[in-house]
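The following pair of complexes shares a single chain, chain A, combined with chain B in the former and chain C in the latter.
Moving on to the complex of A and B:
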């Protein structure tokens, strides 16, 4: 199938989606902003009708001021060589969304990763469990509200370090530069 | 001779049992584990177990300056760190609207292809070891070391180079460097027939690898497989050619493919890629002396550099497959978000889990190495 026909299909698909805002960022990169409830349909159309077979990744971004998560689905078409990044926003209050595992198998890995790191639950995802942070009981660590330095200060005690060899160096006028 | 009180023991027929394969096991890539269920010696279920290498790169990068992160990114993947530096730099350049000088782009290609050769040699070594051929493992690691020698001359570092920075590269090549690269390429070309005798055309290896971990093209596309693993299923896709970056569109190279989709096909694709990398490097050696100019574009003070607001999703072809970073800037001196999409996040988890089912326990390690799975890309 020629690249032109596929490109027309992409425009058709996006034209059918109400409320989808498309932006051509540079050749081969398209950004689409869409409502959360319409995104799975968009992905279904992109995969089924426009040939976007490859889910490159799902990225999650925490926007603490807006109390929202941004989810970005990067899908790639092997035929036209175009990468579409579909952006949507999810309220942090609900912190729940729908899995696209049925559509794209790689989503299983990314959704589990986002669940672990951000606490955003994907309904219908097959592996909503700990994978990397199996021994971690704290809040999801990638949230902006989780301060790693504060965690270290609260959790671990600082110890004075002043061994003999260092004292000898200090006595000679050397030492650690503050 | 048996003791007088010997009584033969009735063994139960082999039942289903569980085995923890890793995290410290010579047959698995470091610090990664598979929990396998076996019936006899046939795997009936496999579950990847990651997290042993989690160092929180993505979180840490949000607290470091844009330029400081250059010291972090190569550490995500030990065997093939260069694409990490390049993809991060490409992303920051896209956000900051920086034009990378031509010479720097060629130097980056030189660096990337050397890294691909080093990574493939390492993988050949690892894969050979899983089939019991330790001589080839020593060869692979030793020949990789010659490439590391060149990295050391180029950047001062053997494994982590931090050579590519946003805006270009850190320094120009030392005197006589290209001649030494050329010598190494001649050496590798002389070595390949020896590798063939010992490994690629070895009946033991071929018997073990043929039919192991077979992926069909449909499975590969549906499971998000990329890189040499995808090309071993007959699909000719390479980010270097199909979504070009740097100066790859000015270089001549083929995209080797195989059709069988098994461990043997994947290894043969890598072998052919190594030859293509040599071909690319020869072109770089021929053209680089004619490309003068700066190696870095003028940069703002890196300690107070506010990268303009925006997002970027740069992609490169690493030795393992499609490598992407998703970078978000809010206009500050640090990234708001860096998401690392390593090719092994697919290969080492969902693909390995699925491919292991039905193989015998001794072939699980081979399947993993033939996928060239790099656990640090999973944990990040």
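Moving on to the complex of A and C:
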């Protein structure tokens, strides 16, 4: 199948999806904003009909003011060299979404990672247990509501370090910028 | 801590027949000790626990460019045969557990060197939830080599200073781990939770080395009591040995 036909297929797929907002950022980079319930369908169409075989990554963004998580699925076509980023928003209240493990096997790792770091659970993902932070019992650390600095102040002590040369600099009005 | 020291809930040691003899302070003994320290300082095996970026400075330090083997320092792959535990870089809480396990497996006298700023005070990870800040809260550290990262020359200089410390008999911080085990264990439990314990019977070892001090046992070591049974089953403690083992030891 030639590159042109593939590119046409992509336009077809995106045309078929109702409510999908497409922006061409630059050649080879497409952003799609889509409702959460339509996203798995979009991925299935992209994979099955337009040749987007590779899921590069799933990223998650915490939007504390909107009380929402934003999920970004980056899918890549080897043939046309185009990266499609599908953005969707999930409510923080439910904090649950559906896994795309059946479509893209590597999604299992990304979903497990997101669950650990943000607490967003993926239904149907095969391994939802702890991934890297196996010995961490606190809240999901990548949430904006988790204050790392406060945690550090509560947990660890500091070694005092105030040598003469630093005191001299401070006396001159310099020193560590807060 | 209560006023009266009622802590030593761990049963008293049973003589195994292999306890260290107390040093006799004779002239010959001093000469022999001095000679042993002279030799020890010139044959150091480092176990490089490469936790962070500082590890990248070790290959040039050890191989032909700077060649630490001139100082008698050479890398070793197992903790039980190593003298120095070299911790190169930031120590995540997860890694710290492994470091403690490794450290406790090493045989005394043992030395710990913290390389890079991260081991001193967290370095650039000072506000990270995942990294421990001061290594010497959890292990007795003989020497810090600060820098981000220190050059091989600095590593070399640090090892030379450690050599001098060993030769003059000052590098005794490994004894501190036994003498103030309760303090170190308390800090470890603060990070890892009250259930934290290692397979090494540190208190038994402290008895063996005759290093059990006032601060060896305390409120934190009491929590280890429930694991003692397990230690005894595995034969990991000298607190109470099986009769047949005892006979073996006496032979």
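Just so it is clear, the second predicted complex is superposed on the first by the 156 of 178 C-alpha atoms of A that agree within 3 Å, B and C clash if a C-alpha of one lies under 4 Å from a C-alpha of the other, contacts with A are read in each partner's own complex, and residues count from 1 in each chain.
The rule is short, and it goes like this: a contact is a pair of C-beta atoms (placed from the backbone, for glycine too) under 8 Å apart; a residue touches a chain by one contact, two chains touch by 3 or more.
Since the model is a prediction, treat every value here as computed from it, not as a measurement.
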Partner chain(s) touched by A:161 [first = chain B, second = chain C, both, neither]: second
Dominant contact partner of chain A by residue count, chain C or chain B: B
Which superposed partner A:141 touches (first chain B, second chain C, both, neither): both
Which superposed partner A:152 touches (first chain B, second chain C, both, neither): second
Chain B versus chain C as contact partner of A:74, first or second or both or neither: first
First (chain B), second (chain C), both or neither touched by A:21: neither
First, second, both or neither for A:169, with chain B first and chain C second: neither
Partner chain(s) touched by A:108 [first = chain B, second = chain C, both, neither]: first
Intersection of the chain A residues that touch chain B with those that touch chain C: 133-134, 141, 148-149
In the complex with chain A, residue positions of chain C that touch it: 93-94, 97, 120-122, 126-130, 132-134, 137, 190-193
Chain A to chain C touching residues, read off their complex: 133-138, 141, 146, 148-149, 151-152, 155-159, 161
List of chain A residues in touch with chain B within their complex: 28-29, 53-57, 59-62, 72, 74, 78, 81, 83, 85, 104-106, 108-110, 113, 117, 131-134, 141-142, 148-149
Touch list for chain B against partner chain A, complex: 48-51, 54, 56, 58-60, 63, 221-224, 226, 235, 237, 242-243, 311, 313, 315, 322, 324, 326, 328, 336-337, 339, 341, 345-346, 349-350, 378-379
